[in-house]
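Chain IDs A, B and C follow the sequence of writing; residue 1 opens each chain.
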Amino acid sequence: MLLTIIYIIAITAEAMTGALSAGRRSMDWFGVILIACVTALGGGSVRDVLLGHYPLTWVKHPEYLVLTCCAALFTILIAKWMRHLRNIFLILDALGLIGFTIIGCQIALQMGHGFVVSAVAGVLTGVSGGILRDILCNDVPLVFRRELYASISFVAVICYWLCLNIGMSLELTVIFTLIFGFVLRLIAIYFGLEMPKFIYQEDDADSASSTDKH
Amino acid sequence: MLLTIIYIIAITAEAMTGALSAGRRSMDWFGVILIACVTALGGGSVRDVLLGHYPLTWVKHPEYLVLTCCAALFTILIAKWMRHLRNIFLILDALGLIGFTIIGCQIALQMGHGFVVSAVAGVLTGVSGGILRDILCNDVPLVFRRELYASISFVAVICYWLCLNIGMSLELTVIFTLIFGFVLRLIAIYFGLEMPKFIYQEDDADSASSTDKH
Amino acid sequence: MLLTIIYIIAITAEAMTGALSAGRRSMDWFGVILIACVTALGGGSVRDVLLGHYPLTWVKHPEYLVLTCCAALFTILIAKWMRHLRNIFLILDALGLIGFTIIGCQIALQMGHGFVVSAVAGVLTGVSGGILRDILCNDVPLVFRRELYASISFVAVICYWLCLNIGMSLELTVIFTLIFGFVLRLIAIYFGLEMPKFIYQEDDADSASSTDKH
C-alpha cells in the first residue's frame, strides 16, 4: 500500500524529469511522451524482461502508462515554472529511487532469487529508466558521472536484505529502508558526495587506437 | 494475407533505409546487414519481448531474416541510384508504418490486451525499428524531430479500434485503416506537417547543471 | 567443460575491456562495474531474451556476475599496466569471441532452432556485448568499423554447423571450431584484414535532408 503510493509518486516525478530532458533536445510532443514513459517505466520493464517476469507492470496496469503520459503533457504546460521546483524534484526523485529499488528487490525475492540477483534487480529498477532516457537523448548516461546515486540504491538493497534476515517484519523493513536510503541520498546531494572515478588514458596515440580495437 | 504482403514490402523497405543509414556512417558490410535487420525487425522484436509474445516473428519465420539480409546487400549494389528512388521509398515507408502498426495492434488484441496496451504495441511496432537504427548510428532518434510520423501511427490505432468497435469486419477494418493512415502520412509529408515541439531551456547555467542531476 | 573454462576466461577478458572503455569516459566505479557486466554478460542476455530462453545465465549462475564485478574492480587497480598487456587481451578477446559464438549457437540448436536462427544466436552472443558497451559509452559501435570480427563469428558458426552435419562428435566439433575461428581471428588482426565498407553519401544537401526523413 505504502509502496504503491510511493510508486505512483515516483513514476510521476520520473516522467516529468524525462519530459524535461526531451524538452532540452527540442523534441516534439510524441518524443516527450515516449521519453517520459521510458524514464518512468523503463527500469521496471528492463528488470521484468531480464527476469522473465511477465506481464510487465504497465501491461498489467495500463493506468500507470496513462498517468505518465498525462504527467509528460502536464510538464509541457508548466515548464516555465519548473526551475523553481527543482528542490521538490530532487526530493521526489530520491524517494522514487529508493521506492523503485525496494520494489525491484521485492519482486526478485518473491520469484525465489538470492541476494545477488535481487540486488541487481533492485539497482536496475532504480537506475535503468534514467540510463535509457540518456541513451535516447544521445548522452553518456549521467548516472555514471554524478554524485552517489546507484550506489545508494545498492546500499538500500543491503539494508533491506539485512533487515529481513534479522527477522524484521516486511512492513518495518520497507519503512526503515525507505527512510535510511532517502536520508542517505539527501546527504549525498547536500554535500555533493561522489564515487571515486576511474580515469584511464592511453599514454600514446598508437596504444590508444589499438586498445580501441577490443 | 494482405497484411503478409504489406509486411514483406515493409520489412524490405525498412531494411533498405537501414542500410542507407549504415552507409552514411561508412560501416562495413556486416554493420549494414545488422542495421538493416534491426530497422526492419527490431520494432516487432521490441513489442514481442515487452509483451512476452514468443517466439519472435523472425525466429518463427527465419526467411524474413534472410530477406532483410538480401535487401541490405542489394541496397549496397544499387546505392548509386537510390537518391532517384527516394519518393518511392517515402511511399513504401508510409505503407510500412501503417502496416506495422496494424500488425502490432492486432497481436496485442489477440493476446487479450485492452486499448492502451494495443495502442502502445501498434506504435512501438511502427516506430521502434527506426529508433533502434538511430541509436546504433549514434543519432538522436529522428522520429522525435520530424513531421508527423509516430502520431499518425497512433491515429491509425484509434481508427482501427473504432472500426472494430462499431462492428466492421476485420478485413474491412484493416483495409480502411491502411488507406486512412497512408493518405494521412502522405498529406503530412506533402505539407510538411509537424507536431508542436517542446523546447525547454534553463534560464541560467546554475539551474541547468542542477536539473541535469535528476 | 572446456566451454565452461573458455566462458569464464571470456567473460573475465570482456569485463576488463568494458572497464577500460568506462575508464576512458571517466566514469565512476559504479559505471565501470555496470559497463563491465554489460560487456561480459550482455551478449548472452540479448540472445536469451530474444529466444525466450529463461532463466538468463547470470540469473542462474550469479557467481558469474560476481566474477565480472571483481574483474572490473581489479582492472581499476592494474590500469597502469594494462597497455603492456594489450596483446594478451587481443588473444583472450579472440578466444572469447569464438567461445561465445559456439555457446550461443549450441543453445539455439538445443532449443530446436534451425541454421539461420542458430547463426544469429551465435553471432549475437559473440558481438552484442561489445555493441551495448559502445552504446552506453555513446560511441558508434566499433564492431561495425574495424577489422574482421563479426564475420569471423559467422564463419565459426558455419564451420560448427558443417562439422556437426558431417557427423563429427560434439566435442571434436567444439575443439575444431575453436581452433579454426581463433586462428582466423589472429590472422585478421595480424594482417589488418577488413570487410569492404559501404560508404553512402547523398550528392546534394537537399537529397540528404530528405532521405534522412525515412
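The criterion applied here is as follows: a residue touches a chain if its C-beta (ideal position, glycine included) is under 8 Å from a C-beta of that chain, and two chains touch if they have at least 3 such contacts.
All figures in this text were calculated on a predicted structure; none of them were measured in a lab.
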item: Angle (degrees, nearest 5) of the CA superposition of chain B onto chain C; value: 120
item: Fraction-based call for chain B against chain A, same above half, different below; value: different
item: Centre distance in Å when chain A and chain B are each reduced to the mean of their C-alpha atoms; value: 28
item: Chain A residues counted as touching two or more neighbouring chains; value: 49, 135, 138
item: Residues of chain A that touch chain C when the two form their complex; value: 49-52, 113-114, 116-117, 120, 131, 135, 138-141, 143-145, 150-151, 154, 194-203, 207, 210-214
item: In the complex, chain A residues that touch chain B; value: 17, 19-20, 22-32, 34-35, 45, 49, 54-56, 58-59, 62, 65-66, 76, 79, 82-83, 86, 89-90, 93, 130, 135-138, 142, 146-147, 189
